[in-house]
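Shared between the two complexes below is chain A, which has chain B as its partner in the first and chain C in the second.
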Partner chain A sequence: MWRAKWLYLALLIPVALLLIFEWLPAFSALYNSLYIWNGGKVHFYVGLEHYERMLSDRTFRVAITNLVGFLFFRVVMQTVLPFFAAEMIVNLRSQRWSYWWKIIFVFPMVVPTILNYLIWRFIYNPQVGLLNEGLKLVGLGEYTHAWLGDPLTVMWALAFVRFPWLPTLQFLIILGGLQTIPKEVHESAAIDGAGFWRRLFYIDIPMTRRQITLAMILTMIFMTQRFDLFLVMTDGGPGYSSMVPALQLFQSAFNFLEFGYASAIGVVLFVAMLALTVINLRVSAGATN
Partner chain B sequence: MINRKRLRFANRDLPFQLVLLAFGIVTFFPLVLVVITSFKSNTQFYHNFWLPELPLHLGNYTSAFRIIWRFIVNSVIYSGSTICLIAAIASVAGYVFARFRFPFKTVLFLGFITLIMVPGVLTLAPRFVLVRDLGLVNTPFALISVWVSGGLVLSTWLMRSYFESLPQELFDAAYVDGAAERQVFIYVSVPLARPMIATVAMTTLISSWNDLIWPLVTITDKSQMPLALGLMQFSSDFETDWGTLFAGYVISSIPLLCVFAVAMRQFISGLTSGSIKA
Partner chain C sequence: MFRRLLLVSLFLLIFGAFAGYTQDEITIFATVGAYYPDEPTENNPDPPKMMNAIAAEYEAANPGVNIELVDVPSNISGDQWRSTVFNGQNEPHIIVNNFIRVWQEQGNDWYVPLNDYIEMPNPYIPEGTPGHERWADSIPDVVWDSTYHTGSGNQYVVTVNAVAVGFYYNIDLLEAAGIDTEFDIDYSLWADWETMIAEMGAVAEAGYEPLAMSMSTASPYTYNWFDGTSLTSMYIDHIESWWEPGASWHALNQREFACAIHNGLISAHDDAFADWLGLLADFEPMWVDGYAVMTWDEAYRLFITGEVPFLLGNAASQTLNVTRDADFNWGISYFPPVTETTSPHAANNESAYLVGGFTAGFTVTDRARREGVEEQVVDFLMYLTAQPQWGRVVTDSPRSIPTQFGLDVPDALKPTVAFLELPIRALKDPDPRLSRRYGEDHRRLMQEYFTDQIDLETLIAEEDRLMSREARVVIAENEWTCDFQME
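Moving on to the complex of A and B:
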């Protein structure tokens, strides 16, 4: 018991930090989702009213639709692109080039994330943007557009932000998976006459299923809760045509001081992310068996 | 003969190399254009969008640096303290969880790892109220306390699994030599765990350096802003002064570029090994 006392003392700081800055806000969010709360003195119980309000909230409905489409697009893009890049890099005969390509594709991570958004805001700039200037350069001047200013194009424009950049973490995870496939497997496949595509579908994809699943889950979790892209590029506009739930949560709390409603949106997002993760794990486990 | 063989190998690589090259060009092209534009005056930029042009306007860099340097210094201080605190706390906690048995160990550890499933967006608003009521708004502690506690969740888990993977014989040898627990930790465990500590430091650096939302709600004082938030401010202050704006963008990429240059291998292998276990 004397020894245990020292162990508890060693854990005191981290446990205290987590209780105060993680557990307390998490439970506060659950609790306050049942209250009207301005973050200060105004605080009274309304039961499930916020959740009912969400059902009829048009902004929220648009936000959900946007998020689902955006997630679908980004998950495909941020899994397929890194997979193919990694597949090609692993397949290079030249070890030196293989090494350099890894470094080249990890390199963009030195640029602060927000700079990428700011640079893409410049790319879509209607007056002097790279995209419009490029269109003019190749004689497609009539297609220039206020990409972020038009409700019809804004979500597409946002979905393509940073294209075709390889998300570092997902890229490295899939690369790591492909690198662990033993050389012998590929050699015996080659002896059996399997070409690139057969090898891809019968060996490489099945053998990296775990990494692919992890990359997909990570993309989904990141994209559901991160809204800095939307905040920096459009702030949900024009109107609320590029709204997503996390941004609506942010605006409810910090623009309209509706901390209760913001907490309720947070709870719904939390449950959705939990469900997505569980489903994804189930599906991938089922596919392996 | 040998040459022809080498040529055939190279040819086999060629289609892959070309696709990768195309990928690389499209990815890097905007960044290159930003660097080119950072040396231009506005007149040069509007006159000639694509190509570099003489004279180079190095003045863009001095005027951007005059504003950006403070944000960079702030970020180095904030991220640096966060990394040191997380490395220290997570090593101790990971070690305790990995090497000892004590009452309520499982409950305590679950208290750490279940937080992995709690998204930051759920806790954002109540956490702001908490930090505001603690009087931490517009102080570095608002950022450091929350970054440390947020980072501890994954870091403690990583450190624990690393310490668990070390063979018991190493520790036995140290005990036989008469080392006390504290000495075993400092002189045996921590040096051995250096790769994992580096991974933890790297992931903490990237996530704190890039965090925009939390500083946005807790820091309103310009002189205290970290780089990510400062850049947002900077970009709206210099909205149409493209040369200065992009010079500032280039300057603010330099700190991580230096880290990358020094720790390139660690960047790649560390991030892969750390994430695979997660």
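Moving on to the complex of A and C:
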């Protein structure tokens, strides 16, 4: 009994730290979004002015549009492809090979993200980049392009960064889900004559729906918060053609010292993410039922 | 009882001595810009080192004072770094900063006015040398005038560097393509803007992308340079009417430009403004593919590997790099003047204008005031900027032309001295012209126009809206009046 009490008490420490370092800053954004604040002495109440401004802010509108397209593409890719990778690994007969394949899929996790971006910047370089050089090599020189410098191609180019979209965390979540399906279920399906596709659609996908939903939600949250990709690769350009809300938030705060407006963008993103997560969970739960 | 008293007394004695000792210790944190004594690397085999020696000399002469040189992280912008350290009240006591940035940030009380200090004698300048009697005399008036903040009446910056920009050109490559590499005028390969476009067009016909430059909003410098200098040329007949009373030719401060917009003296709907947009649009095809997201380093690599014959760069640090890296013959030229062959609005324009000049200087921050060490910090600044010390810094690593009387121009930078003799551009980079927000949005608008996302009509309408909005904001924030301007 005393051990349980101590555990409760011990838990207070991380909870307090969490409140101070995570919850407090997050909720202070709500407060700051009602103020004009330059990060210094200028700090006065403006009510909902920042939220009104957002409605007429052309940059924010473009940023949201870019994000929606980007999210849709990446959520689909970062769920479907890890699912198929996990499905293949689960179906391997050799445990040893299965182990090595998992290692190979998990390995990219240790590569620093920034290094990855710099490699992709080099791939897309219009003068000496791998993509254009490759096109020239196979006789498609007329298709060489300033991939990041053209508003028509920049978002596609960014969406392809980290191709073939096998994020470790999502992969492991789905793999974990697939591994929990009892063998007997698959064996019964096989006896009933179910092939790969039938098994996939009638057993594996329904039985890993929770993991798939979690992977989708995580991708959505990570991608919405992501501004480093856009900052390093294009800084939102050319013009606003690769601007996303997280980058606009960052620039408002640190380039223009508009911490109030940046906080308001943060609050809107938080609410949107929360709403999307709830919808996703409801839809998923409904489908499972 | 006696033993307890003895122990307490001993404790107080030790603690008191320690407290007294720490109170007398002063650590001055300072950024020194391009002169930070870095470790040698493959890309920078011979970094500056003199600052360490100067700091050590000062520490030896001032027991109890420690000098800590601070490197500004290269992975965030200077603006972001400053807002972080100032808001965390962790800023160094001395910061190298662009005087325009200091103007924009002076409302935060981040910097100590140096008006009284620069009137004092500088004991570290030898007797008989300008500045010994009065520190300000060590630096020409033109430098002080350029960096003086008319709005507040304060001088915040001691500027000991002068730099220009320039077009580096690959002589071997241009000659092989049959392009003339003789100067048409004293400071430029080209007699006027049109000649420059025509010759770069010939380079393009020879199969090269002509000019390596960057218009990335993350590192926008290169584009900003011809934005400001060419706009100055287009409004040459009007700029005098934008000045504050009694001013002579100078880089306009925010108030003058904001009021010119507010009073309708400049508008994106002007014919001169339209001609200026046309001038930039004619120049844009000469820029390398991907310029909108290209970084300075990427542009440099294109030039140094012989991919591109022209590079627009900083005529100080880049000269050192090109001298080190180029395995071809190269030269450095300046912008040509914009003349009436480009636009009737530039008919009375006779010159190109200096980009750069006396941009970066030393500021003393509020931390010195907060900690009560202002005089000690200024004393170190006097020591550092005195000719005997600064001369060694620049000789060790010639990254800029020293502004102080009595110091020589480093040999590597002599070709750029002619550029520094040009009149300063009245209209500076978009950011300091009005505000950071204006600079950023203006560049993005121009990118949208250049990449055919918006047409000329939309560009003019958006630019006009942007200029009006930011002028209004800047005037309101600073509580300025604009009744000094008369057309």
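We adopt the following convention: the second predicted complex is superposed on the first by the 266 of 289 C-alpha atoms of A that agree within 3 Å, B and C clash if a C-alpha of one lies under 4 Å from a C-alpha of the other, contacts with A are read in each partner's own complex, and residues count from 1 in each chain.
Criterion: a contact is a pair of C-beta atoms (placed from the backbone, for glycine too) under 8 Å apart; a residue touches a chain by one contact, two chains touch by 3 or more.
Predicted model, so just to flag it, every value in this text is computed and none were measured.
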Which of chain B and chain C A:Asn255 touches, first, second, both or neither: second
Partner chain(s) touched by A:Leu231 [first = chain B, second = chain C, both, neither]: both
Which of chain B and chain C A:Ile20 touches, first, second, both or neither: first
Touched partner set for A:Gly39, first chain B, second chain C, both or neither: both
Contact breadth on chain A, by residue count: chain C or chain B: B
Partner chain in contact with A:Pro82 - chain B first, chain C second, else both or neither: neither
Touching partner for A:Pro167 - first (chain B), second (chain C), both, neither: neither
Set intersection of chain A contacts, chain C complex versus chain B complex: 39, 128, 231, 254
Chain B - residues contacting chain A, complex: 9-10, 12-13, 16-17, 19-20, 23-24, 26-28, 30-31, 33-34, 45-46, 49-50, 89-90, 92-93, 96, 100, 102-103, 108, 111-112, 115, 117-130, 132, 145-146, 148-150, 152-153, 156, 206, 209-210, 212-213, 217, 227-228, 231-232, 235, 242, 249, 252-253, 256-257, 259-260, 264, 267-268, 271-273, 275-276, 278
Contacting residues of chain A [partner chain B, same complex]: 3-4, 7-8, 10-11, 13-15, 17-18, 20-26, 28-29, 32, 39, 84-85, 88-89, 91-94, 97, 101-115, 118-120, 122-123, 128, 130, 133, 137, 163-166, 168-169, 172-173, 175-177, 211, 214, 221, 224-225, 227-228, 231-232, 246, 249-250, 253-254, 259, 262-263, 266-267, 269-270, 273-274, 277
Of all residues in chain C, those that touch chain A in their complex: 76-77, 79-80, 83-84, 86-87, 107-110, 209, 216-218, 288-294, 298, 302, 305, 307-308, 436-437, 440-441, 444-445, 447-448, 450-451, 453-454
Chain C-touching residues of chain A, taken from the complex the two chains share: 38-42, 59, 125-128, 146, 148-151, 154, 231, 233-241, 251, 254-257
